[in-house]
Every structure is written in structure tokens, then in C-alpha cells.
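So, here's a batch of structures to check.
What follows is a pair of complexes built around subunit A, which joins subunit B in one and subunit C in the other.
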Partner chain A sequence: MNTRMKEIIATVAIVAFFLICKYVLPKPLEFSPLVSNLIIGAMAVVFIIILIRTLQGKYIERRIVFLLVGIALLLPFFMQFDLPLQVSPEVKATYDALESLPPGSKVLASFDYDPPSAPELQPMADAFMQYAFENDLKVIIMGLWPQGPQQANQSIEAAFVANPALREKVEYGVDYVNLGFQAGNEFVIVGMGKGFRSMFPTDMNGTPYDSIPLVKNITNFGNIDFSLNFSAGKPGTVEWVQVGVDRYKLRMAAGNTAVQAPAVYPYLNAGQIVGLMGGMSGAAEFEKITGKTGKATTYLLSQSSAHLVVIGLIIIGNVAFFREKKGGK
Partner chain B sequence: MDWQIFGVWLAAFMTLGIISFLYKDNVFYKAAEAIFIGISAGYWFIVFFWDSMVGKFYVQAIESPEPEHHVWVGLILGILMLARLSNKVGWIARWPLAFVVGATAGLYMMMFFVSNAMVQVQSTIMPLWETGDGWFTVFNNIVIIIGVTCGLVYFFFSKKHEGAFGVAAKIGIWFLMVTFGASFGYTVMSRMSLMLGRLDFLFGTWLEMIP
Partner chain C sequence: MRREIPLVITFVVGVVFVISYFIPHYPFNEFESWFTDWFSIVGAFAIWLGALNLMKISTLKIVKQKKDWPFSALTIVSFLIIVIFGFYGGKGFRDPGTTFDWLYVYVYTALSSTMFALLAFFVASASYRAFRARNFEATLLLVAAFFVMLGRVPVGDMITGFLPLEYQMSHWANWVMNILNTAGQRAIMIGIALGLVSTSLRVILGLERSYLGGD
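Presenting the complex of A and B:
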């Protein structure tokens, strides 16, 4: 069979797979514990076969690696396992800082990310928003990334869906406000230090700053009780620490993508930020400690199973490496 | 026609097109990539036009009842930047570039010196143990001291890395490797999350299979 024929068969198989998923399989799909355990067993058998073939010098190609990681990420969505999860001190510190705020405190939430980073940051933002509304914290939303304020609106909607009573309880302009995006990266934070009004003459809907009850008396960071930054890169937590915290003495915690978290840990250890939620695990821990279980908890199971697959493949890769080294190839 | 359903199907097709690159380069991937790049360029152009040209310049310098005249300086520097397009007057573009580089360097120097140098050094200078510290805290403090010292020794190239100095440098490189490893692990975690987001969309929003 030539390559072109194989590709046609693969394409037809993929299309058939998605059509079966769309129109044949039950919705939603949930595996029973027996099926889940059988799948885990099958994955283990696959790994043993790959290991044996590797020892025989028959290596798997990269596409099999992609497929295994994809399966490991996907199947846990349909499984019913509870992953034991311990809340780390840095996430607990974030929660404690929020808990210490009296009702009516003004919290500045900067949404500095866009949809690609939403799987990690949206769950923590959703949990925070619901927590803030339920505990009568006044949330002032802004974004240094253009799509950030839209992500914030999604969090607000998620909070309303999770707790429908909030839709009646919280009022726009009084309990929360979305000031929108402002171009200028860290210079926006510098400008806010001098005066919020100059950086945000209107909110996201075009309402003048002075007409919004929640913010009309807020001049600068001195009127903010706490700040939470959801960040996926630059501008983000680093800039907020450098300007907002170190120059204007803002009290802040951060939620970061996993790729950014190692760069932010030094700020946590130095006491520049009071808490940190790093990546999916940070989001799941925050969901757990606030009692608002959401997508991060589900995602974490998928991520953990993919990590196991990656660890298995690293071990097999090392077996192949030492086998070749021993063979002098 | 329900445009939301059409949008979901289109997004699903684009996602599958991008993922198909994992098999090999193909026409679906190329189409999805070209559409993504084109839309991104258009999106960012519009964002910067309305937020910078209109929001920062037109509103503040022209529309406002109290115009801020210094904004014109920014516009002039911006126009000078376009001089690069001409071979004859391209050198003029160095002026706004010099302004941007100078201003950014000046601002960043202070920001990084305070937040990333002084505060970090200050937090490293700490007592090895204090009354009430658990053994884990003391162990952590010792690790920080050894890590910082040996890491600095590794980057000291005026003396040959041999003897006790060489051992310290070797320990330093181990600390660096562990740091890079942790950073790489976090990066892998982040990339998995991106894939999870797409799978959640494909099997949740599109196929409606996820509980």
C-alpha cells in the first residue's frame, strides 16, 4: 500500500471517527469504573509492548507519541475518578488574603490574557469572581491585553450560572465594573499610579468614569484594598510587581500560566506578592479551597494522566538511548 | 441559518486543520495557518488603530475640550518611524527609535534594579534559622544559601574551575539544571493545557460528549 493510499484511509477514518462521535455515540459520554479501569489497563499493555519493541531495537515513530498523549488527555474527560489534591501554601495564601478582606473591599482584577491561555486562567478567574460576588467584594476589572476584559465578562457570566442568585444580588457599576482594555503595557500601570481617571476616562461600555458609583471616588492605587492579576505573559504579573507593588505599594496576588509561574516564584518568596496560583494545578487548588469546583479540577485529571504518559515515554526514550550507547551505535 | 453553530463547526474544522500538522504538513494545515495569521494581523491592526491612534491621539489631542498637545510629539515620532520605508530619508527613523530605546532603557533600568535585583538580594540575606522554625524551613534556607553561592561561583570565570572552587561550580550547575528542568516541566504543563482547551472545545462544545 503506497503512502497516498494510507493517507486517504487515515483521513476517511478520522472523518468517520468524528461523525460517529457526533451522531452515534451517547451524549454525554461517561465511562463506568470498569471501562475506565480497562482503558487504563490497555494503556499499560501498550506501554509494555512499546518497551519490549524498544528493547528489540524497533522504535515507535513520533506520531504514536502524539497519539498516546492525545488519548491520555482526552479519555479522563469521560472517566469518574477523584484525584487527591492538596492545596499548596501559595494558593492558600491567596485565599487567606481574600478571606482577610472585609465586605465592601475594593479589589482590582487585571485580566492580562487571551483565549489561548483560558484553559489555565479562566477556571481561577471564574472561581475568584464567584467568590468575590458571594463575599461582597467590589471588583474593578481591567485588562492590559485587548481580550482580557472579554474573558472577565465570561467569568462574570460563569459566576451567575453557578449561583443564579448573584444575578439579582450584584449590580454593575456598584458591585463591579469593567474598565476595559487600555493600550500601553506597563505605562498604563504607571499612569494608574498617578490617576485611574486619566487611563480609563470611560468604562468598557463608554460610561464616563465619574458617573460610575464604584470608582468615582477612586483616585489611584491608594484606594485599592487588594489586587489580583491573571497573567499569561507580558504585560502581566512581572510588570504589576515592578510598578504596582514596588513603586505604589499595591497588595497583590497572582494567577499565572504554568509557563510563567517559575519566573514569578521569586517575587512570592521575596514577599512582593502575597500568593500565587500557578497553572492548572494552581487553578484546581483554588477551586478546591474556595469550594467552587469547575473545569480546572476536571482538566487536572487529564493533565496528570498525560504527565504519566510523558514520564513513561521518557523512561522508554532513555532505554533506547542506553541500548544504543551499549551497542556502540 | 444559526451562525453560532456555523462558527462552532468552522472553529472545529480549523482546530482539526492545525492539529493535522502532527501527522505531516498538508493543505488543511496550510489553509488554517494562513487564515489564522491573516485574521490575527487584521485584528491587531484594528485594535492598535482604535486604541492608539483614535483612543490615545485623536480623543486626547483633537476631540478633548482640553487638548493635550504633548500627544502630537508621539504622532510626529510615529510618522518619522515610517521614514524607514524610503532609502533616501531612512536615517530619520533612527531618531524615534533612539527615543524609544532610551526611554525604555531608563524606565526598565530602575524597575528591574529595584524589583529584580535589590529586593531579591534582600530576600536572600536571611537568618539560617529562627526560633520556631521547623526543620524543613531551616533545610530550605540552607538550600537557598548553597544554591545562590554555588550558582554565583559557576558564573565567576576569572578563576579556573578546579579544586574546591570547581566542586562549588559543579554544584552550581546542578542547581541551574534543576531550575531549568522545573521551568521546562512547567512549560510542558502549560502546553498540555493548551491542548486540553482545544480537546474540551472539540469534544465538549462541538461534539457535546463531555459530561
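Presenting the complex of A and C:
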């Protein structure tokens, strides 16, 4: 059987799996603990076989790596495991900062990301939005990325779905407002330091700034009690710290992708941001501490198994490396 | 004049921003406000410029029947569909329930997430083939990666669950991130900042002209 045929069969198998899951199997599809453990056992056996073959000098090809990662990411969605999740100090600090805000506090939420980063950032944004609405925090939404404000709309909708009573309780323009996107990267933050009006003359839908009750009395960062930045890159948390925090003394916490989070830790340790939620685990921890279990907690099982697979592959790759080194190849 | 005018603009704007940071009073703060507004306006026009440039390049590719020209046709069609439905939707074109929002959620989000998700496969493949303990530094990196990858997910704590809380994997990962990572990041940031200052000075003073094109 040639490679092309193998690829076609694999693609058909994956499509068939999805169709069966969607139309045949009961919903929600959940594996029993026995099936889940059998799958984990089977994966372990596969890795042992790969390790033995590697020791024999037979290395696996890239397609097998892709298949293993795909299985590791997909199957945990249907498994039921209660993994221990400890809330890290930086996520707890974020929560504590939000908890310290009295009802009616004005929170500026900047959504600086786009859909590719949504799996990590959207869950924390969803949990924050629901928390803010339930605790009567006034949320002012904006975005330095064009897609950000629309991601915020999804968070608002997610909060309403999670707690239907909020749909009646919170009112647009009074409890929250979406100012939309403004081009200009960090210069938008500089401009906001001088006056929000000049950067956002209207909200996302064209309503004049001065006719929105929530913001008409807000001049600049001096009227903001707290800020939360969801960021996937530039412009994002770094720019907010450099301009908003350092120059205008904004009190801020950040939610970042796992890739970006390491670059933000120096600001956390220096006290420039009060808290940090990093990646999927940060989102899951925030969900846990706010009691709003959502997608991040579910996704974390997939991420756990994917990390294990990658670690396993690195170990096997190094076994191959030392084998070749020993053999003088 | 094609070179002198941009150099003068760069010098004036650069000097004003530097001075206004240290002396945030009249007239420098006013100058800074003007330039900030101008930057936003230029930024907004740049989005249009980028879009029109994309159209021009894609159209030329189709006209000249260059390699993979059907993808360019698809780019133009996708662009026009989004723009048409954006304008058709009026002021609230991004509101939930609009056609634009449907395209955003069920087409754009799905496609861009898929592209990004492919990273997981490439990272795994690259780790398998290239993440080797070749020398001491690489081994250190490997050990740090091991702690962070396991400690950042609950399975790490599950594996080390028999240990006291402060010795479990998540605490080691936090330690790596808060101490080792922060130290390294600070060193990099200081290096970048010094480089930025020297490059910015060269640009402001007109010694560095590569951004103008040519030499």
C-alpha cells in the first residue's frame, strides 16, 4: 500500500469517526472509566513498542507522530477524569484583585487577540465576564486587535448562556459597553491616557461616547478602578504595562497565551501587574477559583495528554540520538 | 526632497516623543497628542492600503496566471464577501445573529483556529526530531521543559501526588517560571531595550536610513 493510499484511509477514518460521534453515538459521548483506562493503557503499550523499535534502530515516521498527537488531543474530550488542579499564586492574585473591587467599580477589559488564540483566552474571558456581571462590576470593553471586540461579544453571550438571569439583570451602556477597535497600537493607550473620547468618539455600534451613561463621566485612566488585558501578542500586555501602568498608573492584571506568558513574568514579579493567567492552565485555574467551570477545564485534559505524548516522543527521540551517538553515526 | 522630508519628519516626531515623556507639560504634551492622533489616522489608512495592496497583488497573479493563482482568486472572493456583508449589515454588522457574525464565527474562526491548531502537530514532530540533549545547555533546556510541561498541566501533580504539596510538579514549574524564566527574560529585555535605544537614536538622528529603502 503506497503512502497516498494510507493518507486517504486515515482521512476517511477520521471523518467517519466524527460522523459516527455526531449522528450515531449517544450525546454527550462519554467513555466509561474502564474504556478510558483501556485507551490510556493502549497508548502506553504503543509507546513501549515505539521505544523498543527505536532501540532496534527502526525509527517512526512523522505521520505516526501526528497520529499520536491527534489521538492524544481528541480522545480525552470523551473521558471522565478529575485531575487535581492547584490554583497558582499569580491566578489567585488576579482573583483577589477582582474580589477587592467594590460593586460598581469600573473595569477596563482590553481584548487583544483573535480567534486562533481563543481556545486559551476565551475561557478566561468568559469566566471573567460572568464574574463581573454577577458581582456588579462595570465593564468597559475595547480592543487593540480588530477581532478583539467581537471576541468580547462572544464572552458576553457565553455569560448570558451560563447564567440566563444576567440577560435581564445587566444593561448595555449602563453595566457594560463595547467601545470597539481602534487602530494605532500603543498610541491608542497613550491617547486614552489623555482622554478616552479622542480615541473612542463612539462605541462599537456608533453610539456617541457622551450619550453612553457608563462612560460619559470617564475622562481617562484616572477614572478606571482596574484593568484586565487578554493578550496574544503585540500590541498587548507589554504595551499596556509600558504605557498604561508605568505612565498612567493603571492597576492591571493580564491573561496571556502560554507562549506569551513567560515574557510577562518579569512585570508580575516587579509588581507592575497584580496577577497573571497564563495559557490554558491559567484559564482553568481562573475557572476553578471563580467557580465557573467551563471549556478550559475540559480542554486541560487534552492538553495534559498531549504534553505527555510530546514528553514521550522527546524521550524516544533522545534514545535514538544516544543510540546513534554510541554507534558513531 | 524624497529623502530629506521623511528624515525631518522622523527627527521632529522622535524628539517630541522623547522630550514629552520626560517633560509632560505644554507645549510638548500637545504635540504628543497631535502625533498620537495622526498615528491613529495613518494606522487606519494603512489598513486600507494593506487591503488594496492585497487586491492588487492577487489580481496581478490571476491576470498573469502565476503559480497557485486559484488561491488568489479565492482570496479576492473571500475579501469581497466579508466586505459586502460588513457594509450590508450597517452599524451593527458585528452583532450576534448578523450574516457577518455568522461568517466570523463559523468560517473565519474555524479556519484560523484550524491553522493555529496545526502548530501542535508540528511542535510535537519538531520536538521528536530536534529536541536533543546534545550538550550541557541543551540538557538544561530539556530538563526545564520537562518540569514546565508536566507542571503546567494537572497530570504533573497527579504523578507527584505522593509528595508534600510544596514539592509537587506544579510548584517546580512555578519556580522555573518565576525565578529562572524571569531572570532570563529580564536579561533579554534589558538587552533589547539598550539595542532599541541605540537604534532609535540612530533613526532619529538620520544615521540609520534603511527604513527609507535603498541603502
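Note that the second predicted complex is superposed on the first by the 301 of 329 C-alpha atoms of A that agree within 3 Å, B and C clash if a C-alpha of one lies under 4 Å from a C-alpha of the other, contacts with A are read in each partner's own complex, and residues count from 1 in each chain.
The rule is simple: a contact is a pair of C-beta atoms (placed from the backbone, for glycine too) under 8 Å apart; a residue touches a chain by one contact, two chains touch by 3 or more.
Just so we're clear, the structure is a prediction, and the values are computed from it rather than from any experiment.
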{"item": "Subunit C versus subunit B on the shared subunit A, clash or fit after superposition", "value": "clash"}
{"item": "First, second, both or neither for A:84, with subunit B first and subunit C second", "value": "second"}
{"item": "Contacts of A:10 with subunit B and subunit C, given as first, second, both or neither", "value": "first"}
{"item": "Touched partner set for A:258, first subunit B, second subunit C, both or neither", "value": "both"}
{"item": "Which of subunit B and subunit C A:103 touches, first, second, both or neither", "value": "neither"}
{"item": "Which of subunit B and subunit C A:242 touches, first, second, both or neither", "value": "first"}
{"item": "Partner chain in contact with A:269 - subunit B first, subunit C second, else both or neither", "value": "both"}
{"item": "First (subunit B), second (subunit C), both or neither touched by A:314", "value": "second"}
{"item": "Partner chain in contact with A:188 - subunit B first, subunit C second, else both or neither", "value": "second"}
{"item": "Region of subunit C that runs into subunit B when the structures are aligned on their shared chain, from 44-52, 80-88 or 152-160", "value": "44-52"}
{"item": "Intersection of subunit A interface sets (partners subunit B, subunit C)", "value": "66, 69-70, 73, 116-119, 146, 182-184, 247, 258, 261-262, 266, 269, 278-279, 281, 303, 306-307, 310"}
{"item": "Residues of subunit A that touch subunit C when the two form their complex", "value": "62, 65-66, 68-70, 73, 83-86, 88-89, 114-119, 146-147, 149-150, 153-154, 157, 182-185, 187-188, 190-191, 194, 198-199, 204-206, 247, 258, 261-263, 265-266, 269, 278-279, 281, 300, 303-311, 313-314, 316-318, 321-322"}
{"item": "Sites on subunit B touched by subunit A in the complex", "value": "16, 22-23, 47-48, 51-52, 55-56, 59, 107, 111-112, 114-116, 119-120, 122-123, 179, 182-183, 186-197, 199-200, 203-204, 206-211"}
{"item": "Residues of subunit A touching subunit B in the complex", "value": "10, 14, 18, 21-22, 25, 27-30, 63, 66, 69-70, 73-74, 77-78, 116-120, 146, 181-184, 186, 201, 238, 241-243, 245-247, 257-262, 266-267, 269-272, 278-281, 295, 299, 302-303, 306-307, 310"}
{"item": "Footprint of subunit A on subunit C - complex, ascending", "value": "21, 29, 32-33, 36-37, 39-40, 43-44, 46-47, 91-92, 94-96, 101, 104-105, 108-109, 112-113, 115-116, 120-121, 123-125, 127-134, 142, 145-146, 149-150, 152-155, 157-158, 161, 165, 168, 170, 174, 177-178, 181-182, 185-186, 189"}
